[in-house]
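This is the structure I want to talk about, given as structure tokens.
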């Protein structure tokens, strides 16, 4: 158990390959603010399979060198403003993917194999951009045509927010098992969590089924409401008013900087 | 929801490829007895990744043409008597595998891909027996040597016993997620279960994490103590006395037949 | 008897008609109208239609995280899905990436999501884009996120079934790789559709009007469907149905 | 001070010494003595050693079903594992399949389990077989479930570390692909080991005696370890430790 969110953020080195879940999963937004406050640089973000406000903020704050994702989406709020600006300006390297290929790459890392075959994709312009995807064939020759072979994706860090964790270092994520694969695939996983579970999550058969074992987790810290202003499945909805204000402010670089000043730099990271 | 265990057993056609879990997972023993009573023939059993009393009984009763598994094991009780006899007599076709390759084959089916790469295996005599395993290479040439490519395994039926199921047709299996992969990979899944969960397993975030959705399940029926005489994780231990009696009787073909007469044919299937 | 209805209600009703009789419909991110259509079809199915909606907790039968939708599609267990496109061309190629030269596109869309996969594997993919302008419906997309058709050697049980816009419905002819105008929504005209469509398509001599939602359909949409969709799309439900059931 | 001890207690103590300082030890099916050794090592580690025991509910940190042990090994997260063998030969090849011509072997063992994989991937694989006879320790196995060594081009971070039997401990020299007698258990002799070993191996001039378990080790084994192992192996615990804590 780490002391606070800054101690957790300190474990993400500059240049790290960091896997992040989408806004409907478990977003460690407080940790993202701590990373921006620390001024982390040159991150290679992987959206699993897409990324939302976390990605937009880190890009806006200049923390990102490379973005690998199937999409950047902030749902009903519109196009991600900092991401859109960065693409236009060419300030980040973009690696466009497709959801099942990102999952497959992580599953390959989970299984310790160098690649995983994926259906579809052939004929998409995505394929031409990727030197980590190849077209191959079914070696058993069942003649169902070409397959795409996706290279394993091994994040240095998986960064997530969980509703619950226990003193043994286990974290509960319920059915949001993309975070389980992310934890298995990554070299280490950093977790913020809302509430301390009083007991051993693995000792309760019902809780265990949705728990990432401590085995995969390199550091945890409690941050109540740690997904804010994004929502957390089963716990709380997104802070609509705040997110609309973000969208409004982030329309310009200056506005985004004002947002960061007010919400990241001038405040304690844990709201 | 099916009327009874015989209605469930009727859904396993002769010649079906049937995936079964090992004794420490969720064994539908009552369904196995119902299958023997019905006189099912020519099954292709897949032990995921090994099989225990279920396999031994089905083999002893002459229901099995082919056995594909990483092992037949009944743990502390000794060597599986009917299996051992069948191998010696050459009455079943044996397809020896290794645990991760069986899991990989099922995961390939789960993902709708024709094969999955697996580490290890090269240099094992297992490889020479398998026309559904091939040696291949990493197409990205990271020079970590040969890989085994395992062909997808698509069971016709996955047959399991779960501690709980609900009226919507969802079944709870907790952390025993090999049964989840088996359900995803198979054309259909048949489930017996101990207790009816009063509500919707998918609506409860804690239960949902360990639940096979009805989507994958072709039939369910309640059989209390349905894993007996094998144990059920978190619910009840194996019936040691009964299993020892089985081991004693099954040492000979006549003894096994006497066991079947007493425990399968002369009794109601649900004890 | 005709009732007045909103454009969103017509679209929900029109799409729902394409889902009747199916077993399992899945809905991706940011798709309130397809989601509403699936929930309407489910309400009419007597419970036989399963709906799996990304981002929903109530309408989601998945328990294996982000991979399950894709695995499930590959297993043949999903009958219909929806895709949109920043650009859609006459061969049903879709572009979810951007306009201009990749990667530094002058307009950037969110990204391809699962389109490059689901378009191949789901039998009935319904293309849906409310905006029907030459800017969206183009002769040729700038970036193919997912192709409309594939060479015969490509494994492709799935593909485009129809294109629904704010003005009309197109069917898709896979053999010809061309759209065919099927019906024009009430209040719109064939000429207007022709003017606003940037791609070439087949146009029969007589093109009907998209059927208006029946009164009982509207009642279902405004009642049960509005309540159900509000869980995942509260802003949409509030705007269209004045539904504030899920307001925080 | 020397205490009397049972053979199982010596084996548990001997194997546990090979696990001290590791981070994560996994135990497969039907392995009460390796299981006991891992639980002993954990008891001595002050909680830093993780133990994942197949079939156990109390000592199992896995939540992803049957695949997790194998995936975890491939990720490099398992430091030690145990394998046995119906036959084990001098090159550390193991046979878990049968004696005679495959497939209609005249003696059939349960099967290869995960050996053909874990033997390659887990750095410290300890071979354990209580029976030490020429029938088990053979010049060449009839069927290679998993090979002791591999060609240099094969990805193999793991492999055999030692062979522990009811009579002695062998180390394994990977470069030579040969066992080397390390110590003989109390009550057994080097000559007896030579007689009962069917394969050729290196034998130093002086071979020590396997250290007897210390009194505090025996106390731990008979107390905490006996209680903990009884959950997964009640028959073993009852027989060896007269432990009936888990009797139904």
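Think of it as A, B, C and D in the order they're written, each chain with its own count starting at 1.
As a working rule, contacts are C-beta pairs under 8 Å (C-beta built on N, C-alpha and C of every residue); 3 or more make two chains touch, one makes a residue touch a chain.
Nothing here was measured: the structure is a model prediction, and the numbers come from that model.
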Approximate Å spacing (C-alpha centroids) for the pair subunit A, subunit B: 36
Centre distance in Å when subunit C and subunit D are each reduced to the mean of their C-alpha atoms: 58
Centre-to-centre distance between subunit D and subunit B (centres being mean Cα positions), rounded to whole Å: 27
Cα-centroid distance, subunit A relative to subunit D, in whole angstrom: 40
Set of subunit A residues in contact with two or more other chains: 111-113, 118-119, 144, 175, 177, 180, 205, 208-210, 233-234
Residue numbers of subunit D (touch at least two other chains): 57, 62-64, 67, 70, 74, 121
Pairwise touch network: line, ring, star, complete, or other: other
Listing of all chain pairs that touch each other, if any do: A-B, A-C, A-D, B-C, B-D
Subunit C - residues contacting subunit A, complex: 29-30, 32, 54-55, 57, 62-67, 70, 74, 96-98, 102-106, 108-121, 143-147, 150-151, 153-156, 233-236, 246, 248
Interface residues, subunit C side, partner subunit B - complex: 24, 50, 57-58, 60-64, 67-68, 70-77, 121
Subunit A - residues contacting subunit B, complex: 104, 111-119, 132, 134, 136, 138-140, 142, 144, 147, 149, 151, 173-175, 177, 205-210, 233-234
In the complex, subunit A residues that touch subunit C: 22, 24-25, 48-50, 69-73, 75-76, 79-80, 83-84, 87-88, 90, 94, 96-101, 103, 107, 118-126, 129, 144-146, 175-181, 233-234, 237, 240
Complex contacts: residues of subunit B adjacent to subunit C: 109-113, 180, 184, 202-203, 205, 208-216
